[in-house]
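Going by the order they are written in, the chains are A, B, C and D; count residues from 1 in each one.
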Amino acid sequence: MPSNKLHRAKVLLHRPAGRGYYRLVLLAPGLAAAAAPGHFVMLRVSANLDPLLARPFGISSVIAKRSIELYYRVAGRGTTLLTAVEPGRTLDLLGPLGNGFPVPDRAATPLLVAGGSGFPPLLYFSSRYGKQARLFVGSRDKECLPPAAVMKDLRSRTKAVHYATEDGSRGACGFVTDTLAAYLARPAAGESPVIYACGPNAMLASVSRLAAEHSIPCYVSLEERMACGLGVCMGCSVSMKSGGYKRVCKEGPVFDSREIDWGGKTILQVGR
Amino acid sequence: MPSKKKTKPDLSVDFAGIRLKNPVLTASGTFGYGEEFADIIDLNRLGGVIVKGISLKPITGNPPPRIWETPSGMLNAIGLENPGVDVFLRDKLPFLRNYDIAVLVNIFGYCLEDYVGVAERLDGVPGVSGLEVNISCPNVKAGGIVFGTDLKAAFELLSAVRKATRLPVIAKLSPNVTDITAFARTARDAGCDGLSLINTLLGMAIDIRSRRPRLANCTGGLSGPAIRPVAVRMVWQAAKAVDLPLIGMGGIMTHEDALEFILAGASAVAVGTANFVNPRATLDIIGGMEAFLVQEGIGSVRELVGKVCVA
Amino acid sequence: MPSKKKTKPDLSVDFAGIRLKNPVLTASGTFGYGEEFADIIDLNRLGGVIVKGISLKPITGNPPPRIWETPSGMLNAIGLENPGVDVFLRDKLPFLRNYDIAVLVNIFGYCLEDYVGVAERLDGVPGVSGLEVNISCPNVKAGGIVFGTDLKAAFELLSAVRKATRLPVIAKLSPNVTDITAFARTARDAGCDGLSLINTLLGMAIDIRSRRPRLANCTGGLSGPAIRPVAVRMVWQAAKAVDLPLIGMGGIMTHEDALEFILAGASAVAVGTANFVNPRATLDIIGGMEAFLVQEGIGSVRELVGKVCVA
Amino acid sequence: MPSNKLHRAKVLLHRPAGRGYYRLVLLAPGLAAAAAPGHFVMLRVSANLDPLLARPFGISSVIAKRSIELYYRVAGRGTTLLTAVEPGRTLDLLGPLGNGFPVPDRAATPLLVAGGSGFPPLLYFSSRYGKQARLFVGSRDKECLPPAAVMKDLRSRTKAVHYATEDGSRGACGFVTDTLAAYLARPAAGESPVIYACGPNAMLASVSRLAAEHSIPCYVSLEERMACGLGVCMGCSVSMKSGGYKRVCKEGPVFDSREIDWGGKTILQVGR
């Protein structure tokens, strides 16, 4: 029989995590066993026909090899509905999906760049490869940073955290790309940086430009609207520099930033 | 002495000469070429697969965003992205041949010659059970005429495809027409062996903040349970109008939905958008259909085709 | 010196010579003649009411069951039950005249003469702001021709109604056609002052156990949010095709939905099925629209009409 | 301002009541104050667009003049969804709707005939006029009778309860119409019976026939699919003997049984 990606997962824990996020822990041993950093899941948020489609969420952690953890921000109808799900209920879940982040070279220094609600896959990444990594995290103001518990984990797992807020309420005043640029201008001695970025597309485009300027490898995790998450609907395609399209759910969500046609239209007009 | 044991009901169907072990197919464009689903469900249990639309040359498709969720439905404007018939035959069909299921190849083109070209390439290819001719994609235009909404263009196209192949030819009709029965009759007159209906309804959604359409292509095709009542009605009308076997589709999520189409006159059904929402939908539908027949004491699903009572 | 105070945005609209204090109307057949809702909302806050369809003689309507719920929508086959124009003028209109709102009377008939008869009876009647001519009900047939799906019949009918009244004439178009723009142009050529679209999509549902249609009438009209993408697309197409003001409708539940129609090209909108689900829907939409304009710094809703960017 | 029928009602109590029913108590003072036996409400069961329409339920009781009680049977998607609603949540509610039962004459003996899940309006009726009344209750077997707590109330409030079950597991063996017929053949001395019935249409048709045979007044509470509950959609119409239709939600749900065209098609094909 086929290796099954379809799971009925029991909700083990579900509660507000602060700063507008919810933390959701789902029992799904098969999925947990196969999940790598950068993978995502498609979660059905309703048992009825509206909203119809499942929602994509990055895996932020695997717990005790049997459960996965998600962090989500309430963004619209689907996530609002999700907040009402009580522990003990089961949810339909598809995953792990996508290609995941490439494993960093032992000698490399991963620079994790998280903007907006892009931290979940990087949180998972940090649990595996955090010791060698630096985190660059940015948001509008300090209230929009990832939840405090997440920041604590990220701080303890990585060698350094570089904050940036647009209003200067935490760390440097400006964009996360400014602190990243400052670092890249004078990297710490002996570090050979590789960028792993997840966040809004405008940020990813800037990060990608910086990486190109400094000729360092850069992997970006993209978002696009999804229907199937499986690579069959061709709905989540993004433009490639080489012409044509690739599917975020299948060839992505992680791409070498040089592949992406950033010049095209906004890749995703978010939300409603 | 008649046995009292409950016998397994017969789900098999002969569709335009194609033997299906059950009447449940996957709708074109919602199941790829089967590979992705092989990880999730046992493809051998399906009645058959209708593959994503294939053209003579590769097509890159429309710019993103390509999809948008709507109430109980979705809009798509994929733009018929596909690798072309040669790559299909080389890379995709061999995989499907590992399974004992019918394979219907959905074909389309930008002009009559394109259609004929693909049909010729597929003629006599082992593993291809039949052609589903998509004359209904809102994006396929021929000199301003959409094949699926012009009776004369549809007739010429379908006649030409008919001549180009010995395979069963199934015309996939557009629901964006005043009178579906006129297109059903035209397809019959052009020599088609069966009909598929419905394709998506043409729709549009607008982001009121950016004032832009939600789809880069502006309009797109509406699918999903939202359109089911329209689809059932059209299948019912077409079944009354012509004596061809029909593949009914449009918003099928459950075995009950599938049986609605069968009662309306479809000999087989195709499951589309439901594959995204529940990748096991096809198998759940087959199981539910079998249980229903047992429960109602019906020996074969064929007994239900067109049996709606409109006294 | 320009004031910095946020001024109340202007929601008023001039629709084909009818002044509406805001662009939100109630769709015909979903609000009765206003009486039942007077208990629930302040009718004076509406842009206007389009009353339930009125015919020359009373009509008893179709046998039950008349409605069926579908995914994000409903089917109805009421059969245009109404007390006839005389009872309307005697018993229903006086109530609506207590309010300072536009009253559009939806009219229909079984033949051209019926339509003309009602139009004549309503001409010059104080309290009637305009006529919405329903040429799109799937149940109204004239010698086998459905007015709403035949261009010639539509032209003759609308021209005749046009001659029979001095009131603004608004043609209500059927979505069950291949090309909505052809009907829009026909209505314009017949002298109509505006268009309403869309009426319901023809649909059907079947009870798989009894094998009977869910509606005694067999088919019915599909309404509600399920059909919104189709409705927005048709309003957009019609707005590009003709220079008439449009009333957009089909699945409007929220102010965001209403603004989608306005951006697509509607000068006013009508709220139908939403009245059943949330009897305050119209007022919530008016409030939401006002808040949106304030938030976006837009002075008048008229600035948004047709402003979708399809670059 | 208009007398408002639209309420946002807080769920005070919601739990299984036995025999497949749920009991739901909603805080809605305005509604409670205006509700009379035979009235019903339209309740929205989903905040999303599927299922779309509100569901009709009869009022089974008014509690402390501020709340209403409903009893419902899980019949399909809407009622299944409803079971998940937790106390403390608010629900959109429209009511009281319909005409209600006519007030019985002091000298009359109301014969309350409840079949299937038709007991809720009669339960409310019994709290006002039960002392003079006899209850006829019937079902397939005793497990399909109204919940035990309801039966207890009904027993204590009425002068007599006549049971019928099709399998004889409780009371007379047969249909409720059989026990009713038996009573009508020999009514207790001095009683002048008036029938109030609620239940499946087949039962109501039989009850109506019996009433006609004995020339006694008979009021039936009908069910039909509803969209608005307000009298505007004309969706809930039933055929009248006099020709034409009346709306169950507006002229009904209670009708003089002589008005109804029972000969027509089944009035309601229930459920899925």
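Here, contacts are C-beta pairs under 8 Å (C-beta built on N, C-alpha and C of every residue); 3 or more make two chains touch, one makes a residue touch a chain.
Treat the numbers as computed from the prediction; the structure is a model and nothing was measured.
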Third chains touching both subunit D and subunit C: A, B
Where subunit B and subunit C are represented by their mean Cα positions, the distance between them in whole Å: 34
Where subunit B and subunit D are represented by their mean Cα positions, the distance between them in whole Å: 46
For subunit B, residues that touch 2 or more chains besides their own: 71-73, 210, 212, 224-225, 256
Overlap residues in subunit A, where contacts from two or more other chains coincide: 49-51, 272
Chain contact topology (line, ring, star, complete or other): complete
Footprint of subunit B on subunit C - complex, ascending: 70-73, 75, 149, 176-179, 201-206, 208-213, 218-219, 222, 224-230, 232-233, 236, 251, 256, 259-260, 263-264, 292, 296, 307-310
Touching residues on subunit C, where the partner in the complex is subunit D: 29-32, 36-42, 52, 60-61, 63-69, 71-74, 76, 78, 81, 207, 210, 212, 214, 216, 224-225, 253, 273, 275-280
Touching residues on subunit D, where the partner in the complex is subunit B: 49-50, 272
List of subunit D residues in touch with subunit A within their complex: 46-51, 77, 81
Residues of subunit D that touch subunit C when the two form their complex: 1-6, 44, 49-54, 92, 94, 224-239, 243-245, 250, 264-265, 267-269, 272
